Amino acid sequence: MTQEKTSLLLDNGRRLDGRELHELRPITMRSSVLDRADGSCYLTWGNNKIICAVYGPRELHPKHLAKPDRAIVRVEYRLATFSVNERKSPAPRRREYELSKLIKESLDAVLFLEKFPNGTIDVYITVLDADGGTRCAALTAASIALADAGIPMKGFITGCAVGKVADKMVVDLSDVEDKDGQGDMPVAMNHNTGEITLLQCDGEFTTDEVKEGLSLAVDAIGEVYKMQREAVLAKYTQIEGKIDDLGEEEE
Amino acid sequence: MRSEAIVGVLEKQYVTKLLEKGKRVDGRGLLDSRPIQIIPNVVKKAEGSAMVKWGDTVVLAGVKAQLGSPFPDTPNDGVITVNAEISPISSPTNESGPPGPRTVELARVVDRGIRESKVLPMKDPKLCVIPGKKVWIIFVDIYILDDGGNLFDAAALGAIAAIANTRIKKVVIDEDLEEVTLLEETEPLPRNGSVVSLTFAKIENTIVYDPNLIEDRGKDARFSLALTDKGIVCSMQKGESGIFTQEEFTKILDQSSALAAPLLEKIEDCSQYPELNEMYNFEF
Amino acid sequence: MTQEKTSLLLDNGRRLDGRELHELRPITMRSSVLDRADGSCYLTWGNNKIICAVYGPRELHPKHLAKPDRAIVRVEYRLATFSVNERKSPAPRRREYELSKLIKESLDAVLFLEKFPNGTIDVYITVLDADGGTRCAALTAASIALADAGIPMKGFITGCAVGKVADKMVVDLSDVEDKDGQGDMPVAMNHNTGEITLLQCDGEFTTDEVKEGLSLAVDAIGEVYKMQREAVLAKYTQIEGKIDDLGEEEE
Amino acid sequence: MRSEAIVGVLEKQYVTKLLEKGKRVDGRGLLDSRPIQIIPNVVKKAEGSAMVKWGDTVVLAGVKAQLGSPFPDTPNDGVITVNAEISPISSPTNESGPPGPRTVELARVVDRGIRESKVLPMKDPKLCVIPGKKVWIIFVDIYILDDGGNLFDAAALGAIAAIANTRIKKVVIDEDLEEVTLLEETEPLPRNGSVVSLTFAKIENTIVYDPNLIEDRGKDARFSLALTDKGIVCSMQKGESGIFTQEEFTKILDQSSALAAPLLEKIEDCSQYPELNEMYNFEF
Amino acid sequence: MTQEKTSLLLDNGRRLDGRELHELRPITMRSSVLDRADGSCYLTWGNNKIICAVYGPRELHPKHLAKPDRAIVRVEYRLATFSVNERKSPAPRRREYELSKLIKESLDAVLFLEKFPNGTIDVYITVLDADGGTRCAALTAASIALADAGIPMKGFITGCAVGKVADKMVVDLSDVEDKDGQGDMPVAMNHNTGEITLLQCDGEFTTDEVKEGLSLAVDAIGEVYKMQREAVLAKYTQIEGKIDDLGEEEE
Amino acid sequence: MRSEAIVGVLEKQYVTKLLEKGKRVDGRGLLDSRPIQIIPNVVKKAEGSAMVKWGDTVVLAGVKAQLGSPFPDTPNDGVITVNAEISPISSPTNESGPPGPRTVELARVVDRGIRESKVLPMKDPKLCVIPGKKVWIIFVDIYILDDGGNLFDAAALGAIAAIANTRIKKVVIDEDLEEVTLLEETEPLPRNGSVVSLTFAKIENTIVYDPNLIEDRGKDARFSLALTDKGIVCSMQKGESGIFTQEEFTKILDQSSALAAPLLEKIEDCSQYPELNEMYNFEF
C-alpha cells in the first residue's frame, strides 16, 4: 500500500484522472427512461452506469408481510454480471444484500410511509457498469426514480463517497482509488435537513480525518443535489412542453 | 376473475377484432418490425456490450471473457454460455429470484441460436488457447430492462451485437509450463458470420411478426426461428399453449430471409465501434 | 463434423443401427403400470425407457395459484441420474425446466381444462434410460397416462423427432445421430387435427429441409399414433377381460 | 380433522383389530414377505441397475461409475455414495423438490447398510486405481416409482442388486504421468458377499415384517436392520414416534437370519445377467 | 482396522482415555442457562459441548402446518462449523437432517402433545464441540431443556451410545473410538418405562453383541438419568433459594 | 395492530421518557457498558475460540484454519472469512435458514472491522505459506446464543478474542514439490495489535452506548465503529431507518478512544490461555 500512496496522485497534485482533490466526476441523470416502470432513472457517474425502476405504492403480497399502518420499502441493489472486473455470478452476493438493506433504510427516512397502509414501494436498482461509489450513485438515482413515480417525499437522498488517497482526504473515489487507496467513506443524506442517512467506512482514518471527510461529503452532496433537483424539474418542464405540443396538435 | 384477468380478456378481444380486419394495434402491417436502435460497446467493464431498444423493449447485453478449462467431452473447443435475466425493473409482474421457466426458455433459445449458428469458431486457436487445458469462456449475459413485447428477438439481437464488438486480451503461451500470460492489448473476438432471431405471434387465426406488448400478452402461440447470414435455419422454437399448422410454418419459413436482411445489416454496424459509447443518444 | 456426415450412414445407405432413413425404432407402450397413480404409462422407444404418472384432476395447493375458471397442468420432465452418459446431478437442469414447460404447453392444447375449475392435473415424467428423442417419447407417454387417468381429451399428443444425417433428412434420431449428426428437429402434434403443438430444431437446415422434415414427422407421428391408440384400447380390453374373470369367479 | 385424517384413523383401527386376532390385511403371516421380483441390468446407460417389485412397491436403482479424486482422509479408498428419490410419481402425497427428512433418512439408511457391510472392497486396486489420486466413485441412485409400503427393504434390495450386476471399464495406468486411460472392455465391480435389509413395523403391540402400504401408514414405529451374508448386523435404524422394548428387539434379532436367507439368494441371481434386459416380463 | 482393534485398548485393558470398558465420561448439565429461551440446557459430556433451547408451546406459523388435535415438535440438531475436525459449512448436511428427525421422534414419545392443539414445541440444539455420541447427549440435553420450559412430560429421554472396540462391547464411545472402532450403537430411552425411542448402529456386530450392547446401554442410561433428574431438581432448588432471598429482601 | 406491535410501542415510550430525564432502563449512564465476561479457548476442536457474555447477550466465536489456495488477485495473502449465525436458540423471533439481511450485515461489519484493522498480517510467511500456492484460510464463525442486545459489539469481541487465542499447526515446506506437511506442534496465529467495536443506539434524540435488548428494539438508528489499539477508525456502519447529524457523529468520535480502552485490555487477557477451558465459571 505504501507504493500506492504516492502513485495515486500525479506530480501536479491532481488525481490520476486529472481531477482536483475535491472535484466530482461528470454526472448525468435522466428520469422517466422506462416505459413499464412507475418511475425510473438512468444515471451515469464517471464510468458508473445505473438504472433504477420504482413500482408502487402497490399492494403487498403475500399479505401477512404487509403493515396495517404503513407501506414498506423493498430495495434490490444488484450488480450486472458484466459490470465488474471478474464476471459476477447472477446470484446475489452478501455485499448486494447488505447494500440493499442500507439503501432501503436510507430511503425510509424521506418517505411518508404512513400514507400507504398495507402497501409496498419497490425500488429495483441495477448497476450496469461499476466504477466506484455505486451505492451513493444508486441512492441518488433511487430518489429521482421515486420522485418520477410521483411518490411524496420529505426530501431527496443524495449520496457521495469521500476517501483517503496519498494521506489526503479526497472527494468521490474512483474504482482504482477505492481499491488501492487508504480508505473509502460513503455518505448519504437529506441535503435540505442535514440528516445523514448512510455512513460507512473502511480503511484507516484518524478521527480527525473522519470529521474532515464528513464535511467534504456534505459539500459534495450539495453539488450533486442541485443536479438531482434539475433532473426532476427537467421532467416536469418536458411534460409541460409535451402538453404544449399536444395543445398545438389539437388545434 | 380478478380485474387484471378481465382487462386481459378485453385487450385480447380488441387486438383480435383489429387483426380480423388486417390491422394491428399500432398500425403496422402484419410483417412490419418496430423501430430498432442499437448502441454497441456501452459498458466499460465488459469485453463487449450492446444496448438495444426494439419498440418499447429495452435490453442490455454484455460479454465477459475468462480463461478456463474446456469441457471434458470437447477439449478442443472454447466455451460459450448465454444467460438471461428478465429483471424486475422491466415490468410490474416480473419478480426477482432464481430464473423461472419463462426466463430459462428465453436464455436457452438465444443460446441455441448463437451456438448452433457456429458464429463463434470454438476451435479457432484464439478461442482454444491450449487444447485440452486453457480455453476462453465467453459469458453472454442479457438483461431485460423494459418489457415492451418480443423479448426473444430483442435479446438475441443484443447478444449477437454484444459479441460483434467484443475484444479479448491477446495472450502469450508457454507451451512447456502450460501457462498463459494475458497482455493488455486486445483483439476482436473471432466471428464467422451472423445470426438473427425472427419471432411470430399467433393470435386466434392471424400470425404477426415482432409482437408488441399487447400482442405478446394476447398471443395463443409463439414461434421463433434463428437464421444465419447464409440463410440457414439453426434453431426453431414453438412456445405457448396454442398451435400452428404445417402450412403456417411453411409460410413463415418462406418469409424469413426477407425479414432477416435488415437485422443482419444492423449487426454488422456494431462491430465498427472500437471506443466506449456514452448513451446520450439512446432513446429510452 | 465432416467425418461424421458419412460415418453415420452405412455403405448400403442404411443407418448405423440398420434402419432405413425413414424407419422408426421399435416402440412399446403399457398403460396402468403403477398402483398409486391415477394414470400411468411405461414406454420404451429404442433404448429410451420412460415412465409417466398422472395425478388429478385434483385440488391445487396453494390455492392462490389456482384458476377459478379452469384447471392448470403441471408437468415435471426429469432425467434419472443414471439415464445419461455422465451421471447427472439429481437437481434439475435448465434443459429439464425448458422441456417441462414445452410438454405442458403441448398437453394444454388437448385438455378440457375449463371442466375442472380450481384444479390441477399433474404429469410426472422420468426418463429412466435416455437414447435420443426423449421429449417426443415423453409426450407420447403422457397422453397415454392422461387417457389412463380417465381425463377427457380432444385428442392425443404424439411426438417424433426428425433430423439431418449425412445431408439427408431421417426419421427418429438415435442418441448418436442426435449428437454427431447435423441437426435435430422434434415435432409433436394432435394427429387427428393436424395441429402442431411442439416444434423445435437445432443444427443446420435449409428452409426446404425444414419443410421436408415437417412432412416426414407428420407421417411418422401417424405411425406412432396408431400404437398409442392400441395401447389405450388394450387397457380397456384388459379391463373387460378382468370384468369377465370377475363374473366367472362370482358364479 | 380433515377427511384424509379420519380415513387414516379408521384404516388404523381396522388393521389393529385384525392384528389383535393375529391376522394381516392381506392375509399374510406376521413374518411373511410379499412376492418379490427383480430384473437386473435394465438401464443401458447405467453401469448396473435393477428394477424391483416388492408387493406393490416399485423401485429402480442404477449405478454410475466415474473416475475421481478420493476423499483427503481416505486417500486409498474408492468412494460410494447412495442417493434416493421418493419420486412424485410414486404416490399422491409425494412432492417434487429437494429431498425432505423422510427421503434423507431412507437414503442414509440404505447407504449405511451397504457401506458398513463392506460389500464393496474400497481398497481393492480395481476401485482405488492410483492411491491418493484416482479412484472409482460409485454413485448408487434409487428411484421409488410406486409406493406400496416398506420402501426401506425394496430400496436396499434394488441398490445391492444393481451393484451385483455393475460392470466398470478396465483401465490402463501410466504411473509416471499419473494418468488413467479407460478401455472399452468392462469387468464386474469387485464385491465381497452381500447384504440385505429387514424392516419391521410395530402397530400398537404387534410387530410385523415387511409392512404393506396400509400397515406402513398405520405403524407406530419402524425398525430396520441390515444383515450380511455372514450373519453380521452392520446397520440398525429405529424410526417414527413409537417405541420398542428391549425384548422386542431381541426377538427380532433372533428371527433375522431366517428372513434374510431368501433375499440373499435373489441377489446372487442378479450377478448372472451380463446383457441388457428388456422389462417385458416385469409385472408392474 | 485390524491394527486399531488392539491399539484402542491399553495393555492394562483400559481404554485410551483411561476409562474402564463400561465407564462413562464425565458429564455436567446446567439448565436455565439462556435468558431469552423458554427452557435451556448446557451439557458437557467428555469433550462434547451442547447447548439446547426450547421455545413453546407456541402458535405454529404457517397455520396450514398446524394439527387441530395436537402440537407438533420441531427439532433442529446442528453442528457448529468449528465443532468438528474439518470446518463444516454452515448449511446443514444430510446427517443433521436425519438426526433432527430421529431426535424429534424420540421426544414425541414422552410429550403430551394433545394438550396443545395447533401448537408447536421448538427444540434447537447446537453442538458447540463434538467428541462422539452427540445425538445421545443432544437428546439428554433436550429433555432437560423441555423440563426447564415447564412442558409436561411422561418421562425423560436419556441417551447413551455403546459400541465395539477391540472385539469388546464398551460403553460411551469417544470420537476416536467411534471413528477407529468396529461399531457404534446409539440408544435412547425413557428410563422409567424401559421404552426404547432410538436405536441405531453401524459397524459389525453379531446378534449377540447387539443384545449385549442393548443391556449395557440400558444400565448406562440409568446412570445418566440420575444426573438428569438432579439437574432438573437443582433448578427448582435454586428457584426456591431465590424465592427465599426475595423474601428476605422484602422484609 | 398486533399485540406485540403494541407492546413495542409502549416499551419504546417508556424507554424514551426515561432517556428524556437522562436515565436508562437498567440504571446505567448513557456511555456506560454492561458487564462483560470472556472465557477464551473453550472449544477443543477449534483452533481458537471465545465465549462472551455481554450483559444478557451470549456469543460463541470459533476459529478454524485450513491450508488452501489464495485468491487469484491476492496471491501473496492469507485468507480470512467471517461468518455469523443469529441462531434460533437466541430469541423467539429468530428463524433458522439461510442468513437474512440482518445476519449478513452483522457478519460483514464484523468482517470489515477485523480485515481493515490489519490485525492479521496476511502477507506474513506464517499465513502465506507458499506465495501463490498455499496459504492459511482462517474461518471465524460467530454463533449468537442469547440475544440480549448489542450483537455487533459482542460478536466483534468474540471474534477478536477467538483470534487472540488461536494456534495453528507448524508446517514443513518442500518448495520443489510445492508440498506442505503439517506438524502436530502449534504456534500462535500471528497478530498485529487489536481492534474493538463500539456501538451506539439513537432513541428519539438521545444516543446511548451499548444498547441493551429493550433499547435495541426501540432504537431509531444504530452506529458502530471499529477502532484499533492505535486509535485508528477502520470501519464505520450506520444502520436502521433513523438519522444522525454531523454533530452527533463528531461527538461519538470524540468519545470513542475512552470507551475502547477497557475492551482492548480484555482482549489481551485472552491470548494468555494456552490450555482448554471448561466453562464451569461462565455465568450464562
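The first chain written gets the first letter, and so on, giving A, B, C, D, E and F; residue counts start at 1 in each chain.
As a convention for this text, a contact is a pair of C-beta atoms (placed from the backbone, for glycine too) under 8 Å apart; a residue touches a chain by one contact, two chains touch by 3 or more.
Here the structure is a predicted model, which is why all the values come from computation and not from measurement.
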Intersection of the contact lists for chain C and chain D: none
Chain separated most widely from chain B, comparing mean CA positions: E
Reference chain F; chain at largest CA-centroid distance: C
Where chain A and chain B are represented by their mean Cα positions, the distance between them in whole Å: 30
Chain B-chain D separation of Cα centroids, rounded to whole Å: 47
For chain C paired with chain E, centre-to-centre distance based on mean C-alpha positions, whole Å: 52
Of all residues in chain D, the ones touching two or more other chains: 99
Chain C: positions in contact with at least two other chains: 86
Arrangement of touching chains [line / ring / star / complete / other]: ring
Complete ring sequence of chains beginning with chain B, oriented so that chain C follows: B, C, D, E, F, A
Residue ranges of chain F touching chain A (in the complex, touch as defined): 1, 101-102, 104-105, 107-108, 112, 115-116, 118, 223, 231-246, 249-250, 253-254, 256-257
Chain B - residues contacting chain A, complex: 42-47, 49, 56, 58, 60, 62-64, 66, 83, 85, 87-92, 96, 98-99, 139, 141, 143, 145-148, 278-280, 284
Partner chain B, residues of chain C touching it in the complex: 68-69, 86, 94-95, 97-98, 100-102, 105, 108-109, 183, 185, 189-190, 194-207, 209-211, 214-215, 218
In the complex, chain A residues that touch chain B: 28, 30, 33-38, 40, 42, 44, 47, 49, 51-53, 55, 58, 76, 80-87, 90-91, 122, 124, 126, 128-131
